[in-house]
Amino acid sequence: MTGFMTSTRNQAEAMPATDRAPTSTTFSRALGIAALVGIGWLIVFGLFLSPNDRVQKTGVRILYIHVPSAWLAYLAFGVTGLSSLAYLWKRTRSLTWDRIAGASAEVGVLFMGITLVSGSLWGRISWGTYWTWDARLTTTAFLFVTYIGYLAVRGLGGTHQQRAKRSAVLAILAVVEVPLVHFSVTWWRPLHQNETVENGKLSGLMLFTLFVGLIAFTLLYVWLVLHRQRVLTLLDQVDDRGLDVAIAERRNEAVTS
Amino acid sequence: MEPVPQPVVELVVELVDVVAVLGSFPALAGASLTVNRGEIVLLRGPNGAGKTSLLRLCAGLLPVERGTATVLGCDLVADRTSVRNRVGLLGHSNGLYADLTVTDNVRFWGATVGASAKEIDASLQRMGLASRLADVQVAKLSAGQRRRTALACLVARRAELWLLDEPHAGLDAAGRDDLDVTLRAAAAAGATVIVASHELERAGALATRVVEVVGGQVRQVAE
Amino acid sequence: MNMWRIARLVAAKDLRVEWRSRVVTNQVLPFAALVMVMFAFALDNDQVLTRVAPGLVWLATMFSLLVIVQRAFAVETADGAMDALQVAGVRPGGIFLGKALALAAQLAVLELVLLAAAVVLYKTEIVAGGIVLLVTTYLAATIGLAFVGTLYGGLAAGAKGRETLLPLLMLPVVAPVLIGATRATEAALGTENATPSDGWPWIGLLALFAVVFGVGGTLAFGSLIDE
Amino acid sequence: MNMWRIARLVAAKDLRVEWRSRVVTNQVLPFAALVMVMFAFALDNDQVLTRVAPGLVWLATMFSLLVIVQRAFAVETADGAMDALQVAGVRPGGIFLGKALALAAQLAVLELVLLAAAVVLYKTEIVAGGIVLLVTTYLAATIGLAFVGTLYGGLAAGAKGRETLLPLLMLPVVAPVLIGATRATEAALGTENATPSDGWPWIGLLALFAVVFGVGGTLAFGSLIDE
Amino acid sequence: MEPVPQPVVELVVELVDVVAVLGSFPALAGASLTVNRGEIVLLRGPNGAGKTSLLRLCAGLLPVERGTATVLGCDLVADRTSVRNRVGLLGHSNGLYADLTVTDNVRFWGATVGASAKEIDASLQRMGLASRLADVQVAKLSAGQRRRTALACLVARRAELWLLDEPHAGLDAAGRDDLDVTLRAAAAAGATVIVASHELERAGALATRVVEVVGGQVRQVAE
């Protein structure tokens, strides 16, 4: 995985300070196009081909965004957790893992946001309210805030290594909340849908459309993370170059004084 | 419990082109310094030169951004923590618990290296705190009395490398003498001492070698 | 020197600080009690109160926890003792366990007071059948909270504007404990005719939390406080 | 130099500190929002929630107030600036008004956020008829709270274990404001079909409160902070 | 706005058998001291003797328990506050706002006496802070740089009576010179300066008179 993840870093380190580094490679371009196609595909199925629901009527179509985004958020946070582990484990320690963790968390927060918004819109339709104190909604909200906190801690400053260590620990602790959200529906008295999908309560075509959405979102996720972590790489390099300048100035103090 | 015997290292501190950053500012910009066991080195230099940063780096508190740093045989680049329980640092702030008494404080810091009650008393004696002050809360001490307490805590830690940031500041005449005696004794007993100070006469007389820190770098000073 | 000795050392030190300053005893306890009264004011409605009493008790605990944790680390950062601790080579894991220990002790006392307050103010009845569950809940929750509090307290202690970063980091993480403890307590007290048997699953959640943060903190505290 | 100049000076300074550190913006606001969420979850019951929404909003304000006041005086005491202020001959009354001013400004922003949160989370509806009352309530309450907060913040700033003494001192005094503001807000929002007319008497209480502490503080602040 | 012209008092400080308590401890136990306009008095003495307490008392921060104390013509027994806006105090701590920049701080303290922008800049110049440091947050300064900032704030206050507690501590060689120049200039301009310090050579050279504080009392020191 790190193989192509680090591709630009090698490029960028090879190149002179002046010219700009591309964050895209043929691979990621292909990926981006695939993601676009996938989303188009989803629109077709989601909005036109898939049937209405008995109770939910056409509102059910939100499902195709709502659920995939939620699951992808889980995935993103999972990836953040894993790459954080990879960073902490001495044998695989590399800032690349830290940047992947950061990038994935950012995208995860984005998807969780989509879940929240689509969910509350859906709620307006089917429950007649944007928000209610249902267990899953609340736990989702907490998960959302937790990762905002995670990102805040990433911004606390210090050296790259300090940032990496600090946030890695948080990420591993935070990921514990994901199962909490998932199982909340079975643990609390729920209003929110419980395992609809696992229990195969969806008609064939709906299920299929859902998986189309899943695929499209997954492609999108990989594409976003790929680019975001490359941007982060470049940002870290900018810091380092800034440091070179600062060091030069600092040394001058010795001369002038 | 006795401290585990440490391998004898003649070269106690060896910094080569060390860069260390505070926030984004390179407090140390290519500093190189070697200190041998038993030396008492004085760091002088203008405000903001990087003396405190240098001391904190040697104590393993400040990460090494670039260059190599070896203290008491431990490679700080690889691992900043293992050196810590062998150095003692007195910073600009005293690191005391204001709600505890002088004795409480010295006892606590001593306990971290398993110092005996006898050693604790000895430390208090050394800094002239075995008086009524011994049982006074630190919050109720004068500035200089606090500094003395902090020094007593340092003494109790029986470190191999002593790092002191302006130790004379705030001490009265007697306190300064106590301090110099203590440091000379420590050095004689095989410890190594690095002192950052602006009181050049006083600290200069104490030191066996003087180096100058300027703009995050270290300059040797010709005698 | 080994981690447990250090944990004991730090815990003893923290408790001695409390003993000499009496801050938690004289200030946090009354505060917690006050919070309970405030809730009663804000809601002023008896049925509602008794229904939500367990929730309120744990909410009050949460807020008091924030205050105690803040205090616990203010003591360390006031005069740069945190640096000194690190240089003293005091194992971070040891510091973590020690401070958590002291925190748990203070928290336990606090919770008793709050429970008593609930009985008085919210007319909560404690049923014999639920005692075991109640005690277990309090043990599990207290330990969990102490660990979480110490972990994030340490993390925030380094940052600027610490007094306000702490709540942001802590509350969402603590929320599950809040929920779990509340439900378990409801079960123990038979609120809305819940039965103790409903409570035990929650203990699992609480225990899980305690373990995760206990282990996590012991291993990782070093890299968190390392400014 | 006259008191108002000094008040302006101090207020400007406090707001600049916030501007440079962004502590309240980045940390207290999210905290306040979180508190709302916590409440809602602790109660988790929609009817109850809408019924007690006003109370909860003001409770949350109260807790955030504590945090902000703590911060406001941590800034002064961190490096002994409070002494410097006194020696600077800055009239205590001026310091009081200045800090209260800055506090009120930050508080006002906070309350808007909380109100918004209430609308979203607790489904609070704001009825046109109540707007005037609502705004008046908020003005009166905010000013009152700012005064109380500054007064007791200053008092606690001198004492040891400040971070925990403050809540103890403040909450009971603030309770009347809490009640008054809650009732007035309920009236404004027509909770439990109360009508605006029920609200106005409470405004009287709030106003009285603001005046008492405003005057009291301006006169007595000096002797309070004078350790 | 200009400061209101003050009546010329030749006798700036007059303490007679002053007793002042901290908690229950008599930090000053019958201290008597007179200082005339234009003098630079050095307070020396062991740690805990009462130097800081004496300075704080003169600044109207510490209540007079017994005896009589008159500073700049104000009777401190009757009213401690009216003297305050005419004295300037630099304590052991700097009294700076860490989140604000150096300039912000100096400007604020200057504004409390209505100092003009020109005077602010002059103060910064005096302590050598008119460099890149001027716009750095105090939190990001080194110990000595903070001390300089605190001194700049003091200068901006244009006080009639300057009370300084170990002003040299933490300052580098250049800073010490700046400080001495500043204090001499102030004294020459008719201000009065009282300095508590343990750096006897340095401060002794600066002072026009040396008194010793011991056990909460003041002793004249024969030249």
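In order of appearance the chains are A, B, C, D and E, and numbering begins at 1 in each one.
The rule we apply is simple: contacts are C-beta pairs under 8 Å (C-beta built on N, C-alpha and C of every residue); 3 or more make two chains touch, one makes a residue touch a chain.
A quick note: this is a predicted structure, and the numbers were derived from the prediction, not measured.
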item: Most widely separated chain from chain C, with each centre as the mean of CA atoms; value: E
item: Most heavily contacting chain pair (counted by C-beta pairs in contact); value: C-D
item: Length of the line joining the C-alpha centres of chain B and chain D, rounded to whole Å; value: 46
item: Distance from chain B to chain A - Cα centre to Cα centre, in angstrom; value: 46
item: Rounded Å distance, chain A centre to chain C centre (Cα mean); value: 32
item: Where chain D touches two or more other chains, by residue; value: 21, 26, 30, 34, 37, 41, 43, 45, 160
item: Two or more partner chains touched - positions in chain B; value: 23, 25, 46, 98-99
item: Residues within chain A bordering two or more other chains; value: 138, 142, 145, 152, 162
item: Chain E-touching residues of chain D, taken from the complex the two chains share; value: 1, 6, 9, 13, 16-17, 20-21, 75, 78-81, 83-90, 222, 226-227
item: In the complex, chain D residues that touch chain A; value: 26, 30, 34, 37, 40-41, 43-46, 49, 120-121, 123
item: Interface residues, chain B side, partner chain A - complex; value: 19, 21, 23-26, 29-30, 46, 49, 63, 65, 214-217, 219
item: Sites on chain A touched by chain D in the complex; value: 129-133, 138, 141-142, 145, 148, 152
item: Of chain E, residues touching chain B in the complex; value: 22-23, 25, 45-49, 52, 92, 133, 140-145, 147-148, 165-166, 168-176, 198-201
